[in-house]
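Below, chain A partners chain B and then partners chain C, in two separate complexes.
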Partner chain A sequence: MAAGGDSTVLKVRGLRVEIASAAGVIHPVDDISLDLRAGETLGLVGESGSGKSMTGLALLRLLPRPAARIVAGRIELDGTDLVPLSEGAMRRIRGRRIAMILQDPQASLNPAFTIGNQLFEALRAGDRSPRQGLRARAAGLLRLLGLPAPEERLQAYPHQLSGGMRQRVVGAIALASDPQVIVADEPTTALDLTIQAQYLALLEDIQKRTGVAILFITHDFGVVARLCHRVAVMYAGRIVEQGDVRDIFDRPSHPYTAALIRSVPSLTARAARLPAIAGQPPPLSALPAGCSFAPRCAHAQPRCLAQAPPELPGRGGAENRHVARCWRLEDPSWTPD
Partner chain B sequence: MIRFALSRLAQVLFTIWAITVLVFALSHATGSPLDTLLPDDATPEQIAALTSRLGLDQPYHIQYLRFLGSALQGDFGDSLRWRGEPALGLVLDRLPATLSLGGLAVLISLAVALPLGVVAATRKDSWIDLLARAIALLGQAIPAFWLGIVLIWVFAVWLQWLPTSGQGGLRHMILPAIAIAWFQIAALVRLTRSAMLDVLDTEYVKLARIKGLAESRVVWKHAFVNAASVPLTYFGILAGSVLTGSIVVETVFSWPGTGWLAIEAIRGRDFPVIQAVVLFFAVIFLAANYLVDLLYAWLDPRVRHG
Partner chain C sequence: MDPGLTPPRDQAALQLRAERLTRHFTFGGGLMARGAGTVRALSEVDFELTAGQTLAIVGESGCGKSTLARLVLNLDRPTAGRVLLNGEDIHAARGRALRRFRRQVQAVFQDPWASLNPRMRVRDLVAEPLDMQHRLPRSEREERVAQVLQRVGIDPARMHAYPHEFSGGQRQRIAIASALISDPKLIVLDEPVSALDVSIRSQVMNLFRDLQEERGIAFLLIAHDLATTAFLAHRIAVMYLGRIVELGPTEQMVAAPAHPYTRSLFGAALPAHPDAGPGAPPLSGEIPSPLAQPPGCAFHTRCPARIGPVCDTQRPVPTKVGAGWSVECHLHAGTEP
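Right after this comes the complex of A and B.
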């Protein structure tokens, strides 16, 4: 599984993103801490609006300007804090040391330029090496991503490729300069199920070869189980539980995680009806005083509504870096199932 | 691409043919040219002689075919007002004056409007964006002839920096060119700005930033090339307005171009010259739009291969 030792390449501490609007100040990303090791895939899971995409953009310092900005925290990429860097310095890190795959392969390639043109750009961004060999390297990347006839694809325009092929090209662009970290924001959501499975297998294969660390943003627990080594569950801008994928599935320690897993359709156990979580996530402009999930939680106690819970060791144990934000964990015999 | 070019060309030719019919019909609907050609006390014999010499006694379809046949050879007949001068010759003589003025106006508007529109979009709500929006609003609210008169009053009469009217060197062209460019700048700034705002919001521009490209490359390569199709489409209309707009501005500035010629010809009911001017304007207007269509296809591979 994950590479051992202290090979942490991305260390996020207390990251906080603020959006100031006429309606008031909200924090779509609130006090997020993550560790990502080389060769490891961390699944960042949550419903839409939970702040997972905003977290991904914040890591590359590409938050929508001027509305959103990072107001607190550190993003250490291989020991360098990205938060205080100038825009110019940040640009030299983007694409080279940290890359990103966007959700929609239809929209993320520029319709006016060939695949080759857009790949060369990414390759040249990596190092200022001469143009020679660029074509061969580009074709090699496309081959690595499993595109047939890569030399011809370089001449093609995005509209001449299928969605699956385009997403492979976007993957090739992300890998062009051999980054340490790739943020993949729901890269398979727009693909057909069979293509989706191929793409995930491809990502796994590439990770084995290159040792790249992947932050995989998704709302799909099935994909998480298939691909990820570790999982962080987001709710209303906060990470409510984080741990190894086995602990998350076998010993979920936050009632929200447990409820999410119960709502994943299973092929083996046929439930008459999928259990849904009652209620809606709270609006970020009016978060409850205590635990954000408490108003929907079947396990809530008076304290949950009054006071936000700290990070406590999860049922998988602190030694396995399993933590969750739930008061009920103070009772070792309690389970959220 | 070739199929695309040919099918567009067929449309252009059809349009030109339709315009010849319109021109022919309209010129006969506005009264007989005999009234201006002959004195009030002309005898019936004189009227009959001129009618048959001009072919006005023939059925309309014969008159039209004759007109079309000669027009194809560039012959619109001789001017009635400037006696003995071939109508097309008059138009061609005046053309350089109009084209040089219009060309300068287009250069001014492109040089001002494109950068201003792009920068306004990249710095939305900054002072430069507010300036661009003010120009777009004013430009469309102020008519060219009024602006021309104000320019003459301020820069020629009051400050005496530039001549009031007539043809001469570049100095004579500055004020009329600005009067023509003003409206174009307004429209182009608005179009460029809104097209850039749309494109800057796309995922592929986000991906260009993710790649770590310099902001200038993100804006001018990835965004502008895609946004350009909008102002480019307008550019065809712009090329047309250089000619049609010239009618008003050339009259205000006494600029001896085709626009002024058109006004003179209309006043004198000079059918051959009117027909020559209108058809000529139409051909140039359509040719400009045709070129824009080709450019548009060249910029957008989806059109090129579609």
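Right after this comes the complex of A and C.
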């Protein structure tokens, strides 16, 4: 098992991704560290361009090449560092021990093959078991994912299914080899509300049964509130705050997190105005000195504009693994509310 | 009681009425070799909208909300029923009356990338609705452009730039400026903030509220996000398979939805806090194809509150359940107050 004796299955330390472009060198993922335990869902939250999807791709070593590459850090899956592995060795791990679900199920399914064919392939990749029983296991997976009439669905082609059903098939393929970790990048963003609710309930149920650890990438704090145990908030390539979901909602310790949570309208409490965050995120090619959020921050002080803040214990306490990158936390009585 | 809204300053300024509005698409033979069919995209829809008010149309994919928007914008013609703007049938308008309609009714769409021509300067994009009617002297035209840009929070000095020089949130503001320039009475907002990042979304939603207060504009809001809807709308119409199944005042409906589908839909909304619980149990099954609509109440195949055979065979009629609040459901039949 992983170092430390706890159930940590994925341990990321100091991960840094570099993209060299005509506009210069940027770091869409900059010094990211996180832990994911078995049976746990970690929400990786951020706005577009924050680096959350890039982080997900980096974890599976699926960065677009040659433009992007990992230049520093470790990705330990159950004790094995994935960063130095050859592509051949990585291929034996990807899809088997760590799998990915993308937002658009269309992109993950081959339109020319039946659902059954694609599931059989995933099942065989998992354990090279003989063909016998494959059919029953494939149908069983579809049933686990809540697809009605699973035996018939095996003959269907992707275009014959609705978006919600396709996303379930992608989920079944990801689960086929019983992975330890699933990286899910906005898998419900394209789904209708009632279908999204079904899918999230299903993920939760599958996690309880299999103990799979999930890294759930999203922009939506509602999904986080519904599903996640832990939360990491990204801004301009960095994790600015990380903690238990209740600490993030009740004791947010970075002004960006606090402002984001406040700015989400609630269905029941109809406000006259929404508290908004002024301005917009900086381009990665022209990050401000010091804290990247400082130019938009209502709590910024001169030091914030000059010096990047280190990770400090959040208001939920270091013992609860609550940390945030904000200078103001040096004052224990300060709050970003 | 109307919840926290501006009283319409001039009732006579606008009245939009949809009467038994219906749009069916028929096809037969040809490429669709499996035979003829009818898609009942929109069936017998009735509603009214006056100045200073926002009516939201909510529902899932295929419910007909986009078809409804296209009809109200006069981009498509109904197969039955009509839309009256201040008593005049908009689909009968020709010549000068049609130009007046185009000036009075504007739209803002979801994707500000797609709705702004990349080869036109911001100045010309914003002035487009003006140019359709009459040629203004250049100085006056630029003056009007500067005014609306200023109002939506874009520096008028940037009117000579191209859309790609702006961020997503700024582009949506430019689209709003263009919708405002002809001083419209009604703006159709089709998923106006769905493509925007969370921190930008609240800025734009506040802008809509302010504009309505200042100018008494009516909004027909098409949205799938319920919290956005509840923030902007005075009344909500819930659509299912081409029909409005419930229409009523926002606060009362959110507090106590009358139709079982509204209950499930609102229950599927994501929570604002991790302790809020998972809401209503997710609906089972998928939305039936609009090609093969079930007889009776269209929702009976998924309804958790189905009474009995009456639901499968008889279409429910609209029943009043409160002031300005009606619902199509057998549960409420005969309960008219």
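Note that in this section the second predicted complex is superposed on the first by the 330 of 337 C-alpha atoms of A that agree within 3 Å, B and C clash if a C-alpha of one lies under 4 Å from a C-alpha of the other, contacts with A are read in each partner's own complex, and residues count from 1 in each chain.
Going forward, contacts are C-beta pairs under 8 Å (C-beta built on N, C-alpha and C of every residue); 3 or more make two chains touch, one makes a residue touch a chain.
Please read all numbers here as calculations on a predicted model, not as lab measurements.
Overlaying the two complexes via chain A leaves chain B and chain C side by side, clear of any clash.
In the superposed model, A:263 lies in contact with chain C only, and not with chain B.
Residue by residue along chain A, chain B and chain C are tallied for touches, and C comes out ahead.
Once the two complexes are laid over each other on the shared chain, residue contacts for A:321 go to neither chain B nor chain C.
Applying the stated contact rule after C-alpha superposition, one finds that A:108 touches chain B and leaves chain C untouched. Once chain A of one complex is fitted onto chain A of the other, the partner contacts of A:13 are absent, as it touches neither chain B nor chain C.
After overlaying the two complexes on the shared chain, residue contacts for A:91 are found with chain B alone; chain C is out of touch. Once both complexes are placed on a shared chain A, the shortest Cα to Cα gap between chain B and chain C comes to 6 Å. Overlap of the chain B and chain C interfaces on chain A: none, as no residue is touched by both. Interface residues of chain B, counted against chain A in their complex, comprise 202-204, 206-215, 222, 225-226, 299-302, 305.
By the touch criterion given at the top, residues 3-4, 60-61, 167-170, 197-203, 205-206, 209, 224, 226-228, 230-231, 250-251, 254-255, 264-276, 278-279, 282-287 of chain C touch chain A in their complex. Those residues of chain A that touch chain B in the shared complex are 60, 62, 91-96, 99-100, 102-104, 107-113, 121-122, 125, 157, 159-160, 170, 173-174, 176. For chain A in complex with chain C, the touching residues are 47-48, 148, 162-165, 192-198, 201, 219-226, 228, 245-246, 249, 259-260, 263-268, 270-278, 280-281.
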